[in-house]
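In what follows, chain A forms one complex with chain B and a second complex with chain C.
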Partner chain A sequence: MKWLSDETLTRLQASVQCPDLSSTRYRALKFVARGGMGAVWLAEDVVLHRRVALKVLDVEDRTGELASRLEREALVLAHLEHPGIVPVHDAGTLPDGRVFYCMKYVEGQTLESYIVNTNLPQRLGLAQRIAEPLAFAHSKGIVHRDLKPGNIMIGAFGEVLIMDWGLAKITNSTIQESSHITSAGTPGEQTGFATAAPITSHGKILGTPGYMSPEQARGDSAAMDERSDIFSLGAILRFMLTGQSPEETPTTAPLPKPLNAICQKAMAPEISERYASIQEMSADISQYLEGVPISAYREGIVERGMRLLERHRVAVVLVLAYIAMRVLFILFSHR
Partner chain B sequence: MNKVLLGIVLGAVLGIFDGLTAWFTPEVRNQIVGIVIGSTVKGIIAGVLIGWFARKVNSLAWGIVFGLSVGLFLAFIIAQLQHGHYFAIMLPGGMVGLIVGYATQRYGVSSKLQRV
Partner chain C sequence: MEAQGGTFPATRFSVIAAAKSSDPAERSRAMNALISAYWKPVYKYVRLRWGLDADEAQDFTQDFFTRLIEKEFLDSYDPAKGHLRTFLRTCVDRLFLNQSRDALRQKRGSGAVHVSLDFEEAERELGQCVRSGSLEDYFDKEWVRSLFALAVMRLRSRCEEAGKMLHFELFERYDLDDSDAKISYVQLAAEFHLAVTDVTNYLAFARREFRRSVLDQLHEMTGNEEEFHREAQALLGVSAKSK
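What follows is the complex of A and B.
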C-alpha cells in the first residue's frame, strides 16, 4: 500500500480548505499560516493587481463567537492607521458564509527570528519601536491583549508591525458603536458586519501564557487596560534581552540592574505598580540607552559613578592622558 | 552650553592648567604669571576656533582632527617665539586642542537646537 507524503497531504488539505473567492476581487495564491480562529492566505487583488493577505475564518464556529472576533479585529485595524499596524483594506462575508478580512501582505520575519543577529542597543531600540504603535492604539482606546513575539513582525526594511488584534479590548465608545462595514463580498448581498460586540466576558481567559498579565490570566476583563499591554511588553523585552520566554527558567547571565528594573516594573503583578503608560516605559529605555538615570531604578553612589565613567569614557581617558603627559614632563624636566 | 562658549571655557581652563605647570620648572617660575596669561589666551583662541568649527561641521571625527590641528598650530607659533622646546610645547598644545575638539562636538549644544 502506498502512503501519501506529508507534503501532498498538506497540499490536498490546503486546496480543500481554500476559501471560495469566486465572487470577490481576490484570487487565492498560497496558504500562509493558521491561527487560532482562521487561516491566512496570500491572495491577489485582481482589480488593483497587488498582493494582499486574507484572513478567513475556517474553523467550526457554532456560537458565532469566532466570527465576531474576526469582525472585531477588522474593525479595530480599520481604526488604527499607523505605520506600525497592518492596514486593513476590506472586510466582509464570503458566499459560503465565512467571515474574512483583507489586509496588507507583510513580508518579513517574526521578532523571534529577527533578534538573533542583533545586539543589546538594537534590541532596546526595537522595544521602543514596538512601543510606538502600541502607544498610538492606547491613545485610540484600544488595548491589544495578545502581545507576544509571534505577533510582532519585522518588515524587509526593519519596520515593526504589530499583528493579530483579535483579542483587542475597545474602550473607546465611538469604535464600539460602529457598525456595518461594507465589503467586496457577493454583489447585491448584504455583507456588512454587525455591531462589534465585546468578545470577552468576565471570567473568560484568552491570551498567551507567559505574556498575558495576571489580571488577564484571572479572566478579569474589567481590570484590563493599557497596563495589561505594558505587562506583555515587559515580558517581550525580557525575552528579547535574554532569549528566553517568561515561562523558561533563566539560564543566561543576569540582566544589567536598570534593565531588570524596567522589566520588573512593567511586569509588576499589581497593575497599579506598573508604568502608567507605554510612553513612560519607552522613556526609561531611552534614558538607559543615553546613559542617564531611569525612573524604575534608584542607583547607589558607586553605580552612579560607574555609569558616569562609562558614559563619558572617552572624555575621561583624554583628560587622564593629558594629566599623565604633564606629570611625565614634570618628572623628566627634574632629571 | 553652546559649542563656542564650551570651547572658550574649556580652552581657558586647560590653558590656565597648562600655564600653571610651568611652576614645576624652576628656570621659568618667576615668569609664571606671563606664562599663565599667554597660555590662557592661547586656549581661548583655540576654543573660539574649535567651537566655531563644531558649530559649522557636525562631525566628531572632523572635530577631533580640527582641534588637534589648531592646538598644534598655535603651539608651534609659541614654540617658534620661544626658539625651541617644540616637543614640550606642541604635545600638550595638541592634546588641549584634541580634548576641546572632542568636547565641543560631543557635549556642545547646537545653537539652532537652543533656539528651538
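What follows is the complex of A and C.
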C-alpha cells in the first residue's frame, strides 16, 4: 500500500472535494465558503475570461430535496433581474453528478460586519436598500423566506445584494412552469433539472429561528406570503439598530419609540397586523428619517411638539431669538 | 491472514454487516477489510499513545485484531452511538489498560493468530509523520490516510480492469508524486507523448474515479448509511449522493 504523505493527503482530499469541472467552461480557482446546502467555489469562466462563483450541492441529500432546492434557487435568480439580486449565469449538473449553478462572484462583506462602522441614519438607509430588491421580488410573485443578516451582502461600492434564495416560495405560475435546465457540458440535452418541485409542504419547517415568521415556524407554508418577509426584515432592522439577534435578551438602550413601533408592526405575530407591503414599511422608515409622523406609531401632543421642535430646530431658535430681541427692545425703549 | 485492499465486488458492502455474518468466508473478508484500513492507525497510535516500543506495538496490534476476530468485539458496536473508528480506538485503549506490559511480552510467540502486516513499513511511516493536535486526532488522520491509500489501490485495479492504466499513471505522476518540483500538464503531456487536452481529460477521469473509490471504501468501512453520510460530510466534505 503506497504511503501518502501529509501533502499528498491534503491534495487528494482537495481533489475529492473539488467539483469535477471537466467538459465545462469553468476552472476551479479556490474554495470560498460552505453553506447549509452546498459549497461555493470561485472559478474562472474560460470562455468569457471572467471570475464567477459556482454554488455546488455538496451535502447529504438522500431524498434529492436539496438538489431541488438548489435548482429552484437558480430558477428564482434567473427570474429576478435586479441590481440587488445576484445574477445567475448558468445552471445544471456537473459530470460528477453534483447539481450546481453559476452566478456573479460578489466581493464584499456580510451585513453583520458592514454595520459595525455605521450610524443610525446609515443603518436605516441600509434597511431601505434591502427593501428595494425584496419589493421587486414580491412584485414578481417570489417570497424569499430565509432573510437574515448572513444572507445580505454589501458589495465593494456599498450596493446591497440579497443572497440565498433556496427557500423561496414561488407564487407566480409562469415561473413554476418554465423550468428545464440542462447539463453543464452538454447543451441541449435534457439531463439536468426537472421542473422545480415545491420544496416545502405543509407542516415542514425551513428557515432560521429568530428571523422566521411565526407562520413559517409552525410550518404553515400556505399562510406564508410577502408579509413573512416583512417579519424577517423587521427582525433584521431590529438587529441593525440594537446589534442583537432576535433571540438575544435586549441589553442595549431602548430604541426610539417610532423605530420600535416599526419593528413591532413588521414583526407582529398576526400576519394581518403587519405592514401590507414592503413599500409601506420602507415609507415609514423614510418618514422617520425626515422627521414626519409614521403610520406605525401614534404620538402624543408632547412627543409631537418635541418632534416638531427637533425637526424645525433652526427656525424655532431664530423665532425665539427674534422674540427675545423684541422683548428686550420694548423693555429698553420704555425706560 | 493476508491484508489486502480492493478485493470487494462493486456492490454495496459493509464490513460491519459482513463481520456479523454466519458465513465464515464473508466474515473473513470483512476482517481483512477492517485490518487493511485500521492496522496502521492502531499500530502508530499505541506506539505514541502508550509509548510501546516497536516489538510491543507489533504484538499488541496482532493481539488486538486477533481478539477483534475471536471475541466478536464488533457485536457490541452500535453505529447510532458513534463512528466505527472511535469505537475501535476505545477498544484499543481498553485492551491496553486491561493487560500489563508483562502480559504483552509473555504473549509474544505464544500462539496468537498471526496477521501478516508490514510493521517495518509502518515504522518508517511513523518517522515521516509530523504530529499536531491530540492523539485522537492523530488516529483519525491516520485512518483517513489509510482509507485514501486503499482507495488508490482500488482506483488502480479499476483502471486495470477498464484498460485505462495510462489514466492511473498520469494520476500517480501528478497527484501522488511527492517530488518538490511540481510537474505541469504540458510537461506531463511531453513525458507521456500525449496532447495537453488528453492529459486534462485523463486526469479528470482518474480523479472522478478516485472520488468514487474513496466513497466506496468509506461505505464499506461504516456501520450504516447514516454513519456513511456523516463521515462523507465530516471527513471529505462531500455528498454521498454525488458519487
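In this section, the second predicted complex is superposed on the first by the 303 of 335 C-alpha atoms of A that agree within 3 Å, B and C clash if a C-alpha of one lies under 4 Å from a C-alpha of the other, contacts with A are read in each partner's own complex, and residues count from 1 in each chain.
In the analysis below, a residue touches a chain if its C-beta (ideal position, glycine included) is under 8 Å from a C-beta of that chain, and two chains touch if they have at least 3 such contacts.
Every value quoted in this text rests on a predicted model; they were computed, and no experiment measured them.
Chemist: Where does A:301 make contact in the superposed view: on chain B (first), on chain C (second), on both, or on neither?
Modeler: neither
Chemist: Check the contacts made with chain A and report whether chain B or chain C touches more of its residues.
Modeler: Of chain B and chain C, C contacts more residues of chain A.
Chemist: So in the superposed three-chain picture, is A:321 touching just chain B, just chain C, both, or none of them (first/second/both/neither)?
Modeler: It touches chain B, and chain C stays clear.
Chemist: Using the superposition on chain A described above, determine whether A:116 touches chain B (first), chain C (second), both, or neither.
Modeler: It touches nothing on chain B or chain C.
Chemist: A:156 in the overlay: touching chain B, chain C, both, or neither? Say first, second, both or neither.
Modeler: neither
Chemist: If we overlay the two complexes on their shared chain A, which of chain B and chain C does A:333 touch? Say first, second, both or neither.
Modeler: A:333 sits against chain B, while chain C stays out of touch.
Chemist: Could you list, by residue number, the parts of chain A that touch chain C in their complex?
Modeler: Interface residues on chain A, with respect to chain C: 1-9, 11-13, 15-18, 20, 22-23, 34, 39, 57-62, 64, 67, 95-98.
Chemist: Any idea which chain C residues touch chain A in the complex?
Modeler: For this pair, the touching residues of chain C are 5, 36, 121, 124-125, 128-130, 141, 144-146, 148-150, 152-153, 175-176, 178, 200-201, 204-205, 207-208, 210-211, 214, 225, 229-230, 232-233, 236-243.
Chemist: Using the touch rule from the top, collect the residues of chain A that touch chain B in their complex.
Modeler: Going through chain A, the ones touching chain B are 314-315, 318-319, 321-322, 325-326, 329-330, 333-334.
Chemist: Tell me, which parts of chain B touch chain A in their complex?
Modeler: That would be residues 14, 18, 21, 24-25, 88, 91-92, 95-96, 98-99, 102-103, 106-107 of chain B.
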